[in-house]
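First chain written, first letter: the chains are A, B, C and D, and each begins at residue 1.
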Amino acid sequence: MDTVQLSRRYRSVRDRSVSLTRSLTVEDMAVQPMPDASPTKWHLAHTSWFFETVVLEDVDPTFNFLFNSYYEALGPRVERARRGLSTRPSFDDVMAYRASVDRKIAKALAESSLTADQLAKLELGLHHEQQHQELILTDLKYALGTQPLRPAYRSDLRLASGPLAQPAWREFAGGTVEIGAPTDGFAFDNERPRHAELVAPFALATRPLANAEVLEFIAAGGYRDATWWLSDGWHVVQTEGWRAPLYWDVDATGLVATTHYTLAGVVPIEPAQTACHLSYYEADAIARWRGARLPTEAEWEIAAAVLDPDDGNYADDDRLHPGIAIPGLGQMFGDVWEWTCSAYTAYRGFRPLPGALAEYNGKFMSGQHVLRGGSCFSPRGHVRASYRNFFPPGARWQMSGARLAMDR
Amino acid sequence: MDTVQLSRRYRSVRDRSVSLTRSLTVEDMAVQPMPDASPTKWHLAHTSWFFETVVLEDVDPTFNFLFNSYYEALGPRVERARRGLSTRPSFDDVMAYRASVDRKIAKALAESSLTADQLAKLELGLHHEQQHQELILTDLKYALGTQPLRPAYRSDLRLASGPLAQPAWREFAGGTVEIGAPTDGFAFDNERPRHAELVAPFALATRPLANAEVLEFIAAGGYRDATWWLSDGWHVVQTEGWRAPLYWDVDATGLVATTHYTLAGVVPIEPAQTACHLSYYEADAIARWRGARLPTEAEWEIAAAVLDPDDGNYADDDRLHPGIAIPGLGQMFGDVWEWTCSAYTAYRGFRPLPGALAEYNGKFMSGQHVLRGGSCFSPRGHVRASYRNFFPPGARWQMSGARLAMDR
Amino acid sequence: MDTVQLSRRYRSVRDRSVSLTRSLTVEDMAVQPMPDASPTKWHLAHTSWFFETVVLEDVDPTFNFLFNSYYEALGPRVERARRGLSTRPSFDDVMAYRASVDRKIAKALAESSLTADQLAKLELGLHHEQQHQELILTDLKYALGTQPLRPAYRSDLRLASGPLAQPAWREFAGGTVEIGAPTDGFAFDNERPRHAELVAPFALATRPLANAEVLEFIAAGGYRDATWWLSDGWHVVQTEGWRAPLYWDVDATGLVATTHYTLAGVVPIEPAQTACHLSYYEADAIARWRGARLPTEAEWEIAAAVLDPDDGNYADDDRLHPGIAIPGLGQMFGDVWEWTCSAYTAYRGFRPLPGALAEYNGKFMSGQHVLRGGSCFSPRGHVRASYRNFFPPGARWQMSGARLAMDR
Amino acid sequence: MDTVQLSRRYRSVRDRSVSLTRSLTVEDMAVQPMPDASPTKWHLAHTSWFFETVVLEDVDPTFNFLFNSYYEALGPRVERARRGLSTRPSFDDVMAYRASVDRKIAKALAESSLTADQLAKLELGLHHEQQHQELILTDLKYALGTQPLRPAYRSDLRLASGPLAQPAWREFAGGTVEIGAPTDGFAFDNERPRHAELVAPFALATRPLANAEVLEFIAAGGYRDATWWLSDGWHVVQTEGWRAPLYWDVDATGLVATTHYTLAGVVPIEPAQTACHLSYYEADAIARWRGARLPTEAEWEIAAAVLDPDDGNYADDDRLHPGIAIPGLGQMFGDVWEWTCSAYTAYRGFRPLPGALAEYNGKFMSGQHVLRGGSCFSPRGHVRASYRNFFPPGARWQMSGARLAMDR
């Protein structure tokens, strides 16, 4: 990518982050409703900090303390759970900070003063900002959807409706296959090296789990029956009182859910829509209850490798909610991140990025599961077949769902 | 008070609350840094809710849920610790709510449609709002003073400095005395009935504890020596890592403190200033270390009864920090709330207000201590000799200090 | 008391502690079911440690670490909540330790080698051991009564039954009265100095609260109605799920209780028996619901001063459960410790014992309430009219009940 | 196995459990020092319950409640963390329960009244009891080693000493290999089905990590440097204050450890001994610090497949501590369970046992890592090359260590 293209891409990505805030109040952007859900303001500042500190190596001690996320090598930082308590810098100050970083980057690009290493980090910074664009929506949904008034994020969103297709299975022969990102082109370190895996014959559901199936699971008492749950999951169900996916409203019987919170506000649950906000525990329990399982990440990747990753329901499509679950594997990209049964660990031969960026992905390789395919909160162009997202099995504030698999 | 006077007083009190917010950002007013420190925005709304719900008996279910503080009899409410998570209504919406309540009250006063009971509740509502004016400053100090940048609340505040007077003792003969509020005039229910108590001869320090004495206690290792502490206090010292009063910066030795956060920002500790942000545990420990004790509330009240309660350093004086500790009992009112050794319990014959207002003071009569005299955060005109403030012994985010006493 | 008498008294008190263990297994004596309920074995060792360390000043570092309860001045000690985790020394080793201490004390008494100060501490040690005799029963009841099989402590205990007398009021004129222990005779430091208090006219219920009244409170929905409760108490009711006094079994409606655990095992609730295992919160709520209040400790003491403190249902009577509530004030001593509305604070002029024993009572003077009169778990001869027991308002594993009072 | 052999084997296994208790006091066997470390008495009862309830299907409701471990399908049970609080049944009662179950099993075997399914469950019950024999030692070590006196379990144990061999690497070519248990012979459900995996060339350390290497890691500041740690591991290091493996005593510098607790008591750390009580986090951090990694379970299994699993330092050898780390792969069995980098998940085609036994292994397949090879606490004859043990990454009270691997 030449400098002009890179400058244009930089501005485009940076502008998109800000555009996500248009419908919000300053308070909406300041709040941290739980430790995992950072304030919008923090996301806007942290992504700028990344360019300033990591790319330009221009360290402002105050901003470094305030906006370093988790890089131990880059020094102490605000405790994660307290990000929402810094009322200063104000939103306006954060926007001024963004502008100052943008000017520095623009100048460096115009003067071609960045080294190859810095340019590579700049590209990483853009992918990093796209990740935070998804998190802005994810965290905002939590902030808005768990407060008493449950306000809509935007009043102009249009959710999908329609009939639900019967699920079907697509057969795959397996064999010795290759997965992971090739050497060229951008990819995160955890997608590499591309390597061989042995995959036995399997079948993949042609569409993701829909709300209809979750409603059935609830009606069948699935949230009350330990039979279907992993031990850790059952513990969470009981201690947290789970009775349905996050944001769903369940009636007094506990067996019927009718409405849920979406970024368009509280609306009736549409059975045909792709189910979202499932934890791994729920996805796994529903799979078991249906006599199926979740796919491995290798199975998922070889099935998705032939698809166009940009062809899906992404945040750019301005629906900001999954669409109708439709057969044909067409939704492997977009709509919902699909939980795999693969624990998030290093590919054999994994080499983390050098320096502080070694902490980007590698240090999280315990206790999490891989999710694949991007979601309706991801920006188009961000996701690849080899892309590995990861979250702990109890996480359900992410735009996460599931697609079933079977041995063959 | 006639209706015109009452209208004027209403407007004056209500305006003052808003005037406290002039130097703040919207984020500053939205944050809840700990469960006890509510957002400014919430205080502004809650005081309006009080007039609407309690005085006008005009219940809006949504606002009742959002802005009821602790009245079980008035229905369910937002969990106390989550007040800062409601980004809506926005600050502008809260100000519109205030205006709508003010219009309704103004109309009712103009039309003389309020009953005597409602007028009494209106007067209570004004004292209630004054209490929250103090809390706005108290809670803001915590919000601003515990975040990384520790911004000043206002840049134009002028703190006091000067030489420290030697402490001296004023002798009191005691005897059978009367304390508590008389039947006429405004007082909270917990100040009544006025009743006799037997007080033995005692002496009261002519000035409150100053920073100099706290610095001595720190330098003497007082925060490391269980000898001086109540058992519960020593537990808190150890589990919370207390090494000095709240907002004080202690060096690595733990024996020297040089700066502290004030609403004017971080400034050097002035030895002659009246010490503030002491918990009961600290006040009691320092008293014991000095061979003295804290006064009972009866001792405090009979000493203060002859003073003019409006003569003191109050929030109206725009210092927003205690002044120099000066002999002469002149600071019994204003500057700092003075901890007494009296547990907060009912006076014999105590009758709580009828209805939901019974919860105003009575249900907190366990586990707390009485403080007396108002502070530099209180509005002038709010405090009386019989006024009983109360907080748990570990609380120290309040503008609280101490005055020593001795048996005679 | 001469040496022969003292030796006899020492042996008698020491033997009684051991006699309490006759019906127990080694496991019963080793367990700590919650931080507040120490193992029998620990009580047996700690009381011996007191004689060895405090009286004889003969410090064994290991035993000092293991069996010091809370004396900061006497050095570090096993964390309170972990007393049950020391399987060594074994029960047999603890008994050997007791024997060795007893030999040392016997020798010192025989040789008259103890100073007057040591003799005074020896007497304190005997009262101290009596306190732990009560705690052995109290803590054992918790250990046995909260495990699945709920075994009886002894199979030969006979609980009382009979008709319930109507409650009545005894009138007291009040006035300037004296309470507290006189200078001579044994008393704990917190009972002194004897001093004057002003007491207004009041009435005292002639019998303590009986189970019948608690059953009425439950049936009236008292445990579901915030109206009756202190704010802190209501919080505990909700977070701990209280629906009845400790050890009571409530049916699914939550309004009916039929059985409870006693040291005789699980038995039907006898309405006429004096109610026990009430927290202060419950005693206060039931009092308020009945239009009464709890007495102050001065009121209690002047009413009890004319009674014989040894005339009551004590542990020596081998019932180990309160008897039938009978009018006449006869039960002010024994049966149950009666909660007073007085916070546990220092009497004016209070002087703690010198040295480490200063920690015996004084450092607990915050956050607790005074209880008076001893219980069916106390040994006869231990309690006085001026005796001040104290516990936090949420404690209910003690043999605690209530007697109502009224203003007059 | 014919009935006579099975009877003999049953008696042998059952007797061995009891033989582990010979040096213990009743208190030692009753205590539960943390939720994960159950009392010896409970282990002795639970294994009996397994035979009675699962094999004989003879359900005693009381014992089922008391001694069911985690089988949701078999009904409610004592909360795991409260197993140590049931002082009844006493140790003697538990031994009587064991005897009664043994009689019932002996009778059923003698009468050949057990079905094939019951005989299979009986065999499972014996392997189950062997697992609990290891847990008895593991949990006892924790109970004894974390109490103040740190008593030895036995005074006659002899720990190994000697020179430490240099580490070396054994090369493996990898390829498409088969792992997992074959269809015939006993194996747990989670070891099946035997299946193909693709393994790239790798090298395995010829001996496990020794104390010498852990001492080096400590001396190099490894416990203070986030560089080496997984993010979750670093969090535990900081919140739990880890400075060395469990049971190690570290001096004030934090860089030197000299003694540790073993079942023989507190002894000097012998550098040449195989390191034990490492969590996954520590094993992984030390591997990374040494430029290596932990093996996958497939790598481990193909290397171990050619060895005799009974050839190792097992509990039967009565050392009860790992021996000297010696090159040659000879210690892959016995000494310490070796952490693998493989998350504990289902083998493709995994079928849990039918009925309640489905919960035996399958429901724990999240958040844990696989360990292989048995330990000096395991009974000889219990472990196979395909045997999959599993624990959460923070667990370190198990007899767990590590063997390094490298890509080739």
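The working rule: contacts are C-beta pairs under 8 Å (C-beta built on N, C-alpha and C of every residue); 3 or more make two chains touch, one makes a residue touch a chain.
None of the values given here were measured: they were computed from a predicted structure.
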In contact with chain A as well as chain B, sorted by label, we have none
Figure out the least number of contact steps between chain B and chain D, where 1 means they touch directly.
2
Centre to centre, by mean C-alpha position, how many angstrom separate chain A and chain C?
58
At what distance in angstrom does the C-alpha mean of chain D lie from that of chain A?
37
Centroid of chain C to centroid of chain D, CA atoms only: how many Å?
46
Among all residues of chain B, which ones touch two or more of the remaining chains?
none
Contact residues on chain A for chain B in the complex?
25-28, 30-31, 33, 41, 62, 65-66, 78, 84-91, 143-144, 146-149, 151
Flag every residue of chain B that touches chain C in the complex, lowest number first.
70, 72-73, 176, 195-198, 200, 226-227, 229-234, 280-281, 284, 293, 296, 341-343, 345-346, 348-349, 359, 363-367, 369, 393, 407
